[in-house]
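Pasting a structure below so you can have a look.
Chain naming follows the written order as A, B, C and D, and within any one chain the residues start at number 1.
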Amino acid sequence: MMLTTANFLFTQVGFIGLGNMGNPMAKNLLKHGYPVIATDVFPESCKELQELGAQILDNPAEVADKADRIITMLPSSPNVIDVYTGPNGILKKVKKGSLLIDSSTIDPAVSKEMASAAEKMGAVFMDAPVSGGVGAASSGKLTFMVGGAEAEFTAAQELLNCMGANVVYCGQVGTGQAAKICNNMLLAIGMIGTSETMNLGIRLGLDPKLLAKILNMSSGRCWSSDTYNPVPGVMEGVPSGNHYQGGFGTQLMAKDLGLAQNTATNTKTPVPLGSLAHQIYRMMCARGYASKDFSSVFQFLREEEGQ
Amino acid sequence: MMLTTANFLFTQVGFIGLGNMGNPMAKNLLKHGYPVIATDVFPESCKELQELGAQILDNPAEVADKADRIITMLPSSPNVIDVYTGPNGILKKVKKGSLLIDSSTIDPAVSKEMASAAEKMGAVFMDAPVSGGVGAASSGKLTFMVGGAEAEFTAAQELLNCMGANVVYCGQVGTGQAAKICNNMLLAIGMIGTSETMNLGIRLGLDPKLLAKILNMSSGRCWSSDTYNPVPGVMEGVPSGNHYQGGFGTQLMAKDLGLAQNTATNTKTPVPLGSLAHQIYRMMCARGYASKDFSSVFQFLREEEGQ
Amino acid sequence: MMLTTANFLFTQVGFIGLGNMGNPMAKNLLKHGYPVIATDVFPESCKELQELGAQILDNPAEVADKADRIITMLPSSPNVIDVYTGPNGILKKVKKGSLLIDSSTIDPAVSKEMASAAEKMGAVFMDAPVSGGVGAASSGKLTFMVGGAEAEFTAAQELLNCMGANVVYCGQVGTGQAAKICNNMLLAIGMIGTSETMNLGIRLGLDPKLLAKILNMSSGRCWSSDTYNPVPGVMEGVPSGNHYQGGFGTQLMAKDLGLAQNTATNTKTPVPLGSLAHQIYRMMCARGYASKDFSSVFQFLREEEGQ
Amino acid sequence: MMLTTANFLFTQVGFIGLGNMGNPMAKNLLKHGYPVIATDVFPESCKELQELGAQILDNPAEVADKADRIITMLPSSPNVIDVYTGPNGILKKVKKGSLLIDSSTIDPAVSKEMASAAEKMGAVFMDAPVSGGVGAASSGKLTFMVGGAEAEFTAAQELLNCMGANVVYCGQVGTGQAAKICNNMLLAIGMIGTSETMNLGIRLGLDPKLLAKILNMSSGRCWSSDTYNPVPGVMEGVPSGNHYQGGFGTQLMAKDLGLAQNTATNTKTPVPLGSLAHQIYRMMCARGYASKDFSSVFQFLREEEGQ
């Protein structure tokens, strides 16, 4: 076990938010020898990490008091605002020169606000949302999309490399979020489009495997058709082959599409298909699909009239 | 010049419809040594082929009287109905055992009607729409998606191989059309989705080339993002780099989406994104984009308010 | 009972299609003293009318052989084509100068075809689809929208007045259908829009009755908000107050929207909201709403996430 | 001139935001005898009111220092936040017991925040957005939709009656905004739906005036069809009869639909048609329709292909 030795070599890293994603991410920091100081609003979320050697504190302010590099991984914008600027927030006790990396997926406008608030305290804030789910978080194969001052990117990269396979610099603060949101909007459109298309083809008499093969050698090809096909039986090792369990939940996709919609409204950008994709995932959430993989839209559209 | 010799070896092939696509296709049959008997409603369309050695007749019935293998390449369903079942149509003089291959992109229901009408005359009808544009037609690199009796596929393949690089058997009559329509519907969705996404990302501060790179290594990847990117400057050799000239016209895409819509309505299949994509290309046609490449939807969505 | 006497005064009227709508319509003709000669593909549909004095024949051709004024009321375009131009169709034995009135809701292009076929036989065809459901059919309160030669309108009106409260002349053949389809498309848009709006308002804390009142005195007012409100409890005597039973079925609305979509595609008319309304009713049909009143879209949209 | 006398009878009313709407509203307060103390970020906006006897101060805080009843009429949420909680905002000097009425159209969530902030200072905040445009503001015929503590409604009503013909109590804080946003969302849907329908009907051969008449006596009827028809020539005295000048600008409608979209996203309410309506008005803004009346969507959809 190298951790003890490592503690001498590495300085402490703060980690706030030990949920499904944060927990395995923090573990990977430990594995790479970083002493971790963590906190979460749910004390029980901290137990496993504590047993692995992490120090658990009461709130974000205390973490900021001890660590000058902090990673946050939280569910949504209000949580981020609270963890950074709330009464027990990071910025209450942040040290000058601290590096604050937020891996939550939130509105880029909130990232900018946090960066501005951090700057006033002499700290640096970067947004670094991830793509890849719990599996990629566990195996340290996440992709990080990073926004913030380019000069700080190397420092951020050192930490993020412990948790991810790709760390991509996207530009100024907020562009990490922008890249994440853009990708997921196009992903949602591609997935619904693939599902509509496969369903239509099947009803017109085409064999689904054959149709997938034709699309994948033609201009209809997309990640949803060639890597994550939503039709049961077309492909192995994907949620459609396992009753749409696992994968990326419909509810999470609906959340990301809500962010895309907000940024589009704020920038007056027309996104007709992205907007309709949002509405479709919204309706699915209300019909029992919330925790199924987002490729279950095929099933949602598939049901036949009169049955 | 091998044609004279070839005439001894090959039996005549009829070709009806010498437009932008039909003309180079028929030429490829000639190049491969097939004597061609052709006709078109516009006599001037026949001149070039006549000079190359094709025999030109007055109407489809006369072609059917002389050739027992006929290829048709026509703009839309009504033309196909007329060329097959009209007063001077193929079926008026078709020989028993003739092979009739229709490469037009039309409603699969019409393909089925034509097949049924041909069967009554003892002839075989197959639908074999193409993907690939005028360039692929000229270079003999089209992809054919073929629907019809499997027993006749080899005979059809022999001819289609002269004009295409891929000949894919799709199933019963109409499934060639189904495959073509499905692919183009997903293509349209992917192209509009990519355009919305790139536009949103740019307005959020991302560099377009970087965004394309991120999408293409992530789950947003699709043919429109990695092979035919709609944003000027991101990629070379595509219509977006050439003022959206060439390529696949918006008007043709609108037509194919109309077919997709009809088949979806007839089979009671929900296609919300396909349906909205249809409406968007429809609106573009009315705003001067009809003959621009269909990737110009980026430009259509791009215009900024207040400018 | 006036019928016997009436038989001396009025000439016979043919009636083809004795379904939910046709049956009460034919009864109203009888009530007004017209001798009715009827037929239907389902013999059991004819019993009630026969008991009331109508003469029942085997098929449309036989009806046309006896009556020179015929009304047809059929489910969809293929039925109309068969009843007019099929092997036992009206046009096989129609008399010169006959007046053929089709009250089915079908594609206006099919109405035009029928008119043209009738004209060749020396007969006159008019399209006269209805608004108002089974209740209005029973009470003779239907609205007829009539397309066809203006010179024949008076003759048509004489019969239609027996079954309807309003008979509106719309223009050339097919415009009756056009008016019906247009009205129902706007109705569907208004109903879904009202449902979205009421649902949003309720979630924002507004009392539904108050919100309806505000909309109805403002620019949001529409038939769906002020006459047929889809929210249970807001209004009495409408399907929303009776578990969405009765009224106008979702499946019928989906059918009419499919017609609207087809005519829009054929005339290259952009109908983005009409098109999305079609998709929404399509999805509802697949989720068990097919036979509920079309105002049940409120319920469809209403379900809350996480419940 | 009663003003001097009136000054003895009425206590001062603050007015912040003297734009197109605020200016005539403040004038109506003066006409009713209220001494007005006003401010605006653009000094030139204050001149006219000053000449009519209003006292002009430098900023909202100063107004709050002198008047204990204040009306605000501002373009959007950020302006409201600044005017209430900014460095020179109302809440900096607001007196205990003051009544603050905001007639801006903004996100109801912001109204709630302002109400909460006001409450901390011992003041009462109500949201009271208006329907009716500049004309109604000038003639004192606005409709106010009021949210806030019911106990304060009478006090608010006294002032609002000077500027409006209808003052409707909607419920708790934010419900005024909710009612306004809901109405305008349904209005937008009805207007686009009417435009699609009229356009489709015209292309199917119907006379526009006749079609409007049929819709208005049928279930397609709505405010946009019977009071504000978007087709030139159908109705007099509406913007469609005057090149879509005057009326309610497309840009303002797009803004309100953006608010509707935000509240729908925040409450996880599916609004598929409302969302698409938003996108359509967004696209119109980018195509030169920003300052035309929102009924110009008929013109936007009307353009024909190939012209």
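Basically, contacts are C-beta pairs under 8 Å (C-beta built on N, C-alpha and C of every residue); 3 or more make two chains touch, one makes a residue touch a chain.
Chain-to-protein mapping (UniProt): A, B, C, D = 3-hydroxyisobutyrate dehydrogenase.
It should be emphasised that the depicted structure is a prediction, and the values quoted were computed from it without experimental measurement.
Student: By that same contact rule, can you tell me which chains touch chain C and chain D alike?
Tutor: A chain counts here if it touches both chain C and chain D, which gives A, B.
Student: Can you name the chains that touch chain B as well as chain D?
Tutor: Common contact partners of chain B and chain D, which must touch each of the two, are A, C.
Student: By the contact definition above, name the pair with the higher C-beta contact count: A-B or A-C.
Tutor: The comparison resolves to A-B.
Student: Report, in whole Å, the distance between the mean C-alpha point of chain A and the mean C-alpha point of chain B.
Tutor: Chain A and chain B have C-alpha centres separated by 41 Å.
Student: List the centre-to-centre spacing of chain A and chain C in whole Å, with centres computed as mean CA coordinates.
Tutor: That gives a centre separation of 51 Å.
Student: Tell me, which residues of chain A touch at least two other chains?
Tutor: 268-272, 276, 282-283, 285-286, 301, 304-305 - these are the residues of chain A that touch more than one other chain.
Student: What's the contact topology between the chains, one of line, ring, star, complete, other?
Tutor: Here the contact pattern is complete, since every chain touches every other one.
Student: Mind listing the chain B positions that touch chain A in their complex?
Tutor: Contacts found on chain B: 108, 131, 143, 145, 166, 168, 170-172, 174-175, 178-179, 181-187, 189-190, 192-194, 196-201, 203-207, 210-211, 214-215, 217-225, 227-228, 260, 263-264, 267-274, 276-277, 280, 301, 304-305.
Student: Residue numbers of chain B touching chain D in their complex, please.
Tutor: Listed in rising order, the residues of chain B that touch chain D are 251, 276, 282-283, 285-287, 290, 301, 303-307.
Student: Can you tell me which positions in chain C touch chain B when the two form their complex?
Tutor: 254, 258, 261-262, 265, 268-272, 275-276, 278-280, 282-283, 285-286
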